[in-house]
């Protein structure tokens, strides 16, 4: 082994899933003590590649070298031994366990848990200090916000002595502040001599933090670059294979009638904890209302209440002159009928049935519309044709209406859901995290699609934890904190600092008085 | 060697520790003595009853022995379809020219062991444990109870049924628990009419040093010293006799009611219960037996109620 | 005083009846906590009951019988693992298949070996686990209340009853306080997490199922060599299913599961006493109703108090790495 | 698109006949081989046994009649378990629901037998459905509204159903002239027509309910895959949250699916009570409800698969009784072992040979480029 050998080197790695050749002859070299970015469209094969490095999948062919030594990585055990740690796109945590239990899983240090626990606790506290990764080790993981869960994942890897840390789309679920914090942590890691591989769709992040960047497209590596020698636009073009507009272009909004008017809305959850407090909002036709906020501050509940999934405790929601609260019509099913579309925040949990084919997913929620039914039967042909149209229009890949939903990458799944809800042409559209985990080519497309809807006179409510996204597409922005609307401003007046402060609970009108909560 | 007998056991199978097994013993004895082999079938699905009886007849059986009340419908059908085949049905009556129906007066035998139980009991409390709750078992229970009260009008009979599904015939641990609970409540003699479940009852009586009464065949040998006696139901004899008579041409259709008089039911006296079943008891049982035969004592048949 | 005696005796019966349920339910707990559904408890118990009785009859030693019962049950458990873990077969079908095969095979072998109609010879003497009298049980009997409880309720059971009693805290300790338990709980919730933590999911499930086999083996042996005295076909009579129900009732946790088993056993004991008893107002209740009582009660309790059961998240799903 | 598919280099797809014919066949053969070994151990000729089994199941018209009669029951219970599965529910209670269905049929045939047969038959069908569905309703309701685990409640309801049936037979509908726990015989106008009544075939229990079962299979396919109601049931079964977001009520569909399931199981009562036994008796459910679980799973919850699995079990039941009949050393326990082994190999171990067979196929089959469809 030589001192100069790269921390990680891949040679001609191949992997197929049935008919999909997810990785084709991939070669990659990652320098020691560097942060190496990997970008690529949805389904380009990034996660697959990293799962191979981590021994989670077995490559069909190819070689892996760690610090110059050839490693047979057959399972995560061997990759952990080789000093590789990974934070997966979908967290690999046991929700019912405490942080400590999650971290020591697999490295308990003795048959009796008690033996290892004390030592582990000490070591963890040291790691937390060293890398500024504070988290309460006795908290139940399922109760933690995503940002903290991610810290647990990082701690888990460090605790196992990882020298190479792979992060798969770590910022997809984080607020800007959390993301900044993460980057500080990654900086610290680099300073300590660790190697970081960062997969992301956000070119801004690539530019901000990485030393080198590799680009993947449709299963192949298309470029390896020094970050300092490239630009966002160049990367975007490499990823998509064409030039991409990074800023949404839109006319100023021309808001018309108020379609949804919310007054004094409150919601208590099953444990009687107030999740929504006295919400007042208007959603107007021809306008995009953005809801910004750190996740977990009531945005999800707001969406679910408006979507007819949760019943509010009190307040009023008027939908086109019809009072919904307390009426029989206030169900998810009926709302769709009277013109309210809903793109859920979590496509896996709520937006799709992963075992269904794309065409069956394409009618979820609209399955009793006459156009999809012929008498008693579902009109299979119409459904497949509709799905094909969606696929075409939204460039879903692979373009197969019979493929099961789980066979699509996350971004493509998102496009399917968006297509379903937008193409039904609702008057009001609720959108939760429209581009979470979606590549830039698709983001551009989705944003344009939303603007087009707006220009067609629809009312749109977008909830997103991405400040940038909210600022670029919304016409008006409301910020939520701890179940309340802490401020509402026109997008033209919004700046990242202003929004950031409100997201931290600082009210616009009483900026110096107090931070709520 | 042209004689071709057949037997259809009912659910529970030929090793049910109860009356199918008694029939099996009867036909085995016949086979041993005559060297004539037989066809057999154990029913596992209700529809197989008819299939099996029909089949035996079709395959040229001279006589088909059908075990159990549940086979009546099947026998009726098969007997009509095969007028040249002889059918012997045990435990139920079918009135056809080629059917011999054998029923037992279980209540009479149970009455006698009830007398013994009442006399053997010091506490004045005796128990009864039935298998699955069906009328046949209630017939045992009623006869037993009358016998107990005949011998000791102040006695108390604790009655338990094991269950309502066929699993009730094969649950010795439940039988054991039921026996224990009866002993706890003061019973010191228990009569088990519960197939395989009864084995648990007899075992528990042996463990707890209480007395138990077996059923159908002689079970005294199982636990010498704690077995008071066994209520014998001579299914084996009936089967054996039916086969023998069919073989030598004396088989007659019609109803045979086998009670005390015909020695179709009875109780066991042997080396294993010597000393447990005292001479007084035997004498009382013999007297009751004579009275029943003479009609001085009327034992109620549950089915006639 | 009379009621006191009745209650003590009822509880005494409850312990005896609950023993196989507790052991089998704990067995199921390891399997299901590791993410493998086990409706094959019934078959494993039956297999163990047969092996224990057969070997005890031949060797004359209940302990040797117990060993054979355990080995048999573990072997069946490994078959289950082989089907469901290695070959990712359907767990329910595998459990059912095992139940059916054993229900047929035990009497077939029994008949071949003992020629006693599929049952084993009755066991006596050392071939059977007999009641133990705890120290001072008899001398203490006359001490009011405590003495009676000690002598009747605590003393006088066979060793397996005490094993079952000990099994509850031991299993709880293993599940919650050891590395193995942590891994088992983790793999039933999220096998991907376990896999990425560098633990082989399959091997871990095999281990958990081995523990299941062990406990089920003791439960089955209890039926034929301790509570009973020999094997009879189908002698488990649905206890495996009842144990499974208790496990779910107890929400896959050791202590609540124990109480569920005790409840089942208690209703069973009460049921025996209620038969034919004239009750005020209602009179004599039909025996069939009384026999259905434990089941009706379970349903009512489930509907009324227990609420939603949250099974281990990954239960029933074979672990497939590639999504 | 052609270009893209070829570029992504699709490996050879395994054709349907390997998946749906060859592999199941290999599994079945494995089960028979192992059964053969057991038979050899008991001292009989396995090949002879196989011959008897096949002959007993399909070898002569009467055998076929019996096989199809058993198949009918398995279709009913297989479909019953399958519809619940589609809704994500595990209905272990088909046995009890079948018992209730039989009670419903029995009550109609006993107490309304003055009606003409063309009224009795639909009435009995309705009664079977209503009783079976009602018995499934309670566990379904408790699951949907109270979260009580349906596996336990349905197990409990099996026990309760057995008690109820025994109670009725011992105390209520028992034939006053008979001595056994069965009702009186129904009058002939209430019976379902047998196949041998209108076809030239020997007398067997095969009756009209077989046709009914086939019709229901088609209806099942139609409901589950072709209607919006089936769609809703499947959505609930696969992803409850997504269902709620799509405005599909999980509670409603759970109850609906379970009631359909109970009704399907209840139809065992039509075949058994109205078709064959012509009186209400004990044990007529004969374990069909439990085997229905295996039938549904082996049939992959699809009516065609369920039919084939039901036929397999029908053949095993009928051929098995022939085995017990014809071969001295094979008794009913041995037949149970064979059935268990078949469930084990064709059900639980169905993936055991798959990788090897697929690999072998890939090696043997000629490599050809995958064209675009």
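Points to keep in mind about this one:
Residue numbering begins at 1 within each chain, and the chains themselves are lettered A, B, C and D in the order written.
Keep in mind that, in the parts below, a contact is a pair of C-beta atoms (placed from the backbone, for glycine too) under 8 Å apart; a residue touches a chain by one contact, two chains touch by 3 or more.
None of these values were measured; they are calculated from a predicted model.
Of all chain pairs in this entry, the one linked by the most C-beta contacts is C-D. Remark: subunit A and subunit C have CA centroids separated by 46 Å (rounded to whole angstrom).
In whole angstrom, the spacing between the mean C-alpha positions of subunit A and subunit B is 75. Here the spacing of subunit B and subunit C, counted between their Cα centres, is 34 Å. Separating the centre of subunit B from that of subunit D, both taken as means of CA atoms, is a distance of 37 Å. Shown for subunit B are the residues that touch two or more other chains, namely 133, 164. In subunit D, 159, 163, 166-167, 170, 331, 335 are the positions where the chain touches two or more neighbouring chains simultaneously.
Here the chains touching each other pair up as A-C, A-D, B-C, B-D, C-D. Of all residues in subunit D, those touching subunit C in their complex are 38, 42, 90, 138-139, 142, 146-149, 151-153, 155-157, 159-160, 163-164, 166-167, 170-171, 290, 293-294, 297-298, 331, 333-341, 343-344, 347-352. Within the complex formed with subunit D, the residues of subunit B that make contact are 11, 13, 39, 41-42, 44-48, 50-52, 55, 69-70, 72-73, 92, 132-136, 164-166, 303. Residue ranges on subunit C touching subunit D, taken from their complex, read 82-84, 87-94, 96-105, 107-108, 111-112, 118, 233, 238, 241-242, 244-245, 248-249, 286, 288-289, 291-292, 295-296, 298-299, 302-303, 306-309, 311.
The part of subunit D that touches subunit B in the complex is made up of residues 66, 69-70, 159, 162-163, 165-167, 170, 174, 178-182, 185, 205, 272, 276-277, 279, 281-284, 286, 317, 321, 324-325, 331-332, 335. Across the complex, subunit C meets subunit B through its residues 9, 12-13, 16-17, 20, 107, 111, 116-119, 122, 131, 223, 227-230, 232-235, 237-238, 268-269, 272-273, 275-276, 287-288, 291-292.
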